[in-house]
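Here subunit A shows up in two complexes: once beside subunit B, once beside subunit C.
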Partner chain A sequence: MLEPVLFALFSVSAVVFAFNVVFRRNAVHCALHLVGVLLSLSGMFVLLNAQFIAAIQILIYAGAIMVLFLFVVMLLNVKGEAPLLTPGAWKGFGFFFALIVFVELLYIVLSQGGTEGTPAAAVPLPPGFGSPAEIGRILYSTWLFPFEVTSILLLIAVIGAVVLAKRKFA
Partner chain B sequence: MDATFLIASAVKVLVVLGFVLLGVPLIVWMERKVIGHMQDRIGPQRVGPFGLLQTIADGIKLFFKEDIVPDGADRVVFIIAPALPVITAFLALAVIPFGDTVRVAGHDIPLQITDVNIAVLWILGTTSMGVYGIVLGGWASNSKYPLLGGLRSSAQMISYELAQGISLVSVIVMTGTLSLASIVRQQEHLWFIVPQFFAFVIYILCGIAETNRAPFDLAEAETELVAGFHTEFSSMKFALYFLAEYANMMVVSGIAISVFFGGWHGPFLPPVVWFLIKLSLFLFFYVWLRATFPRLRYDQLMAFGWKVLLPASLLNLTVTALVVGLTA
Partner chain C sequence: MQTLSVPLEAYQLVAALLFTIGLIGVLVRRSALIIFMSIELMLNAVNLSFVAFSRQHGQMDGQIFVFFVMSVAAAEVAVGLAILVAIFRNRETANVDEVHLLKG
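For the complex of A and B:
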C-alpha cells in the first residue's frame, strides 16, 4: 500500500526537479534541482530493492560529482554567456533530439509493452538481490571485462585531465 | 510492521533527538571550560553553577536576535542552507548503535534507531550531503568571504571524503559486512583499533576535516575570512550551523566508536554507559586538538589530503585485503 504512494512521490518530484533543471536561469539553482532529481531517483532505487545502488547514487553523484559541479559554477560565477546559436536554431535542435528520444521510447514501449504482460514485481527476487555482496560477486565474475574496461577508461580520463591542466603552466 | 516496532522506533528517535539537542549545549560548555583551563583562563562561570547555564543563555540570546537576510542574498537558498547540515547529521545518527539489544515487556529492542544493511554507505552518503549546507550558505550570502569559505569547504570535503571512505573499507574487508550493528558485535573480544590502527588514524583525521574543526577549520578561518561561510548568518540560522557542527562531531565520534573502539562493548558497566563514556572521551579529544594545534595553511591541507592520507589509506586497504585473502 505504501509502495505506490512512495513511487508516485519520487517520480513526481523527479519530474518536477528535472523540469526546473532545464527552465531555471541561475546555474546554481539548476545544479541544486539536479541534486533533487538524483535524490528522487535514489528513492526509486530503494523501491526496486537496489539499496546499494541507491546509496552509491547519493554518495557519488549527489555527494561528490554535484559538489564539484557547484564548485566550478561558483568559481567561474557564470552569468548568461553570449549564445552560440540563435534561439530559433536552438529550438530546432531541441525539437530534433526530442523527436529522436520520443521515437526511441515509442519503439521500446511498442516492442515490449504488449508481449511481456507480467509485471516485474510478480517474479520473486533471487536471494541477496541488490545486496553489496551479490553486486560485488556479479561485477567480478559475469561483468568482469566491462568493469575493468570502464576502470581503464576512467584512468585515461584522469591522465588526460592532468595533462590538459598541466599544459597551461608549462 | 507491528505497533511495538512503531512505538519503540518513535521512542528511540525522540531519545536520540533529545540527547543531541540537550547534549550540544553541554559540549559547548565543556569546550569553553576545557579550552579556558588549557589556556590558563577559567572559562564561563557566572551563569548557573560552574557556568553550566552559559550556553543556554547564549542559545536564548540567539533565539531573540534579529534575523537578517542580506539584500543581495539568494533568499530561498539562504534560508534552506543552514538546515541542511542539521538534517544530514540527524540522518547519520539513525544508524549508530548505542547499546546492546534490550528486552522490554517481552520484545527484543535493539538500541539503535535502525539497522540497515548498508549503514556505512548511508553514513558516508549523508555526511557527503552535509557539505551542501556550507557551500550553499557561502554562495547564497552573495559576499566575498563566505563564497571563499564555501569553495574551500567543498574542495576540502571532496579531498578528505575519499581517504575517509577507503579507511572504513579496510574494516569492511575484515568484517565482511556494512551493518554497524554486526561490526560492533564482531568486536566483542578485540577492538578493531588494534589490527586497523592506521585506518583509525586516517579516519579520525578525515573526520576532523569533515566536521570543519580546528586545525582543519579552513572554511571559517577567522584570521583570513572574517567568519568564512557563516559570516552573513545571524540569529537561529547561525545557531543551526553551530548545532550541526557539534552534532556532526557526535556522528564522527559515534562511527569511530562503533567501527574501531568496540561500540558499546565494555566490562562491568551497562553498554549504553560505555558508549557514553567513549563518546565523551572523543569529544574531549576534539576540544584538546583545537586547543593544541594551529590552523593549517590551505595548500598544506590539500597536499596532506591528497599526497599523504589518500595513498596511506590505499596502502592500508591493499595490505588488509592481502592479509584477509591469504588467511581466509
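For the complex of A and C:
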C-alpha cells in the first residue's frame, strides 16, 4: 500500500519543518519552513480524501497568508533576537508547560475517547466526498449563515488592517 | 481508498506534535513575528485533526470547519500584522517583552 509510506513521508517532513519554524533565528527562514509545513499538511489532506481543502490550503495559506508574512518580515527588517537557548528564567517554564500539554494530548489520543461509537475505518464514504461540488452544496445550504458572517468578518479585518497600518503616531 | 490504512490515532499524534511545537514557539520565542507563525502552526494542527475526524466519520462538516478556520486565520493575520507594523513604527522593536505599556 502506498498510503502508509506517503503518510510517514508527510508527517516526518511536517514535524521537521515545524521544528525549524520554531528554532531558526532568521525570520525569513522561519517563514519558508512554515510553507514547508503547510505543503506537507496539504499532502496529508489529499490522503484523507479532502482534495478541496488541500487545494485551498496551498492557495490561501501557502499563497496569500505566507506572502503577507514574508512581506512584513522584509518590510520591518527586524533585528535578530537574543540566542534562543540562553539561560532565561522563563524559557524552561515554557518547555515544561508545553511538555505537560503534549502528555495530556497524548493521553486523549491514546485513551480511545475520541472514536467512541464509531468502528475504526468502517464508515463507507458517500460519493463525491471532499469534492468541490459537494463542499459547495453543504456550504451554501447547511452552513449558509456562518458563511455570510465570515464575509462580514473579512470586511471588518480589511478595514481594521488599513486603519491600523495607516495611522500616524506623531 | 474506502478504508483508512493509516489509523486515525496516527493523524491525531502528528496533530498533537505540531500543536506542541507551535505552543513551544509561542511560549519561548520573543519575536512577535515568530509568535504569529507559531500560532499559524497550532491552527494547522487543529485543521489536520478536523480533517482526520471528518474522514473517520464520513461526514464533511469537519472540512467546512477547516474552511472557516482558514478564513478566521486570514483575518487574524491581516489585523495582527497591521498591529505589528504600527508597533514597529512607534517603538522600533518587534520584541514582545519590550512592548509592555498600554500608552504609546
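Throughout what follows, the second predicted complex is superposed on the first by the 132 of 170 C-alpha atoms of A that agree within 3 Å, B and C clash if a C-alpha of one lies under 4 Å from a C-alpha of the other, contacts with A are read in each partner's own complex, and residues count from 1 in each chain.
Keep in mind that, in the parts below, contacts are C-beta pairs under 8 Å (C-beta built on N, C-alpha and C of every residue); 3 or more make two chains touch, one makes a residue touch a chain.
Computed from a prediction, not measured in an experiment: that's the story for all the values here.
Asks: Between subunit B and subunit C, which makes contact with more of the residues in subunit A?
Replies: C
Asks: In the overlaid three-chain picture, which partner chain does A:Tyr140 touch, first (subunit B) or second (subunit C), both, or neither?
Replies: Once the two structures are laid over each other on A, A:Tyr140 reaches no partner at all.
Asks: In the overlaid three-chain picture, which partner chain does A:Ile56 touch, first (subunit B) or second (subunit C), both, or neither?
Replies: Both subunit B and subunit C are touched by A:Ile56.
Asks: Looking at the overlay, what does A:Leu68 touch: subunit B (first), subunit C (second), both, or neither?
Replies: After superposing on A, A:Leu68 lies in contact with both subunit B and subunit C.
Asks: In the overlaid three-chain picture, which partner chain does A:Leu38 touch, first (subunit B) or second (subunit C), both, or neither?
Replies: In the superposed model, A:Leu38 contacts subunit C only, not subunit B.
Asks: Is A:Pro132 contacted by the first partner subunit B, the second partner subunit C, both or neither?
Replies: In the superposition, A:Pro132 contacts subunit B only.
Asks: Of the partners subunit B and subunit C, which touch A:Tyr107 in the superposed model: first, second, both, neither?
Replies: neither
Asks: Please identify the positions on subunit A that touch both subunit B and subunit C, taking each partner from its own complex.
Replies: Correct list for subunit A: 52, 56, 64, 68, 75.
Asks: Note which residues of subunit A are touching subunit B in the complex, please.
Replies: Residues 26, 28-29, 32, 35, 51-52, 55-56, 58-59, 62-64, 67-68, 70-71, 74-75, 131-133.
Asks: Would you pull the subunit B residues touching subunit A in the complex into a rising list?
Replies: Against subunit A, the touching part of subunit B is residues 74, 77, 116-118, 121-122, 124-126, 128-129, 131-132, 135-136, 139, 147, 150-151, 154-155, 157-158, 161, 165, 176, 178.
Asks: Quick check on the complex: what are the subunit C residues that touch subunit A?
Replies: Going by the criterion above, the answer is residues 1-14, 16-25, 27-31, 33-34, 36-38, 40-41, 44, 47-48, 51-58, 60-61, 63-64, 66-68, 70-79, 81-86, 88-90, 94-95, 104.
Asks: So in the complex, which bits of subunit A are touching subunit C?
Replies: Those residues of subunit A that touch subunit C are 1, 3-4, 7, 11, 14-15, 18-19, 21-22, 27, 30-31, 34, 37-38, 41, 44-45, 47-50, 52-53, 56-57, 60-61, 64-65, 68-69, 72-73, 75-76, 78, 81-82, 84, 91, 93-95, 97-99, 101-102, 105-106, 109-110, 114-115, 118, 120-126, 129-130, 134-135, 138-139, 142-143, 146, 150, 153-154, 156-158, 160-162, 164-165, 167, 169.
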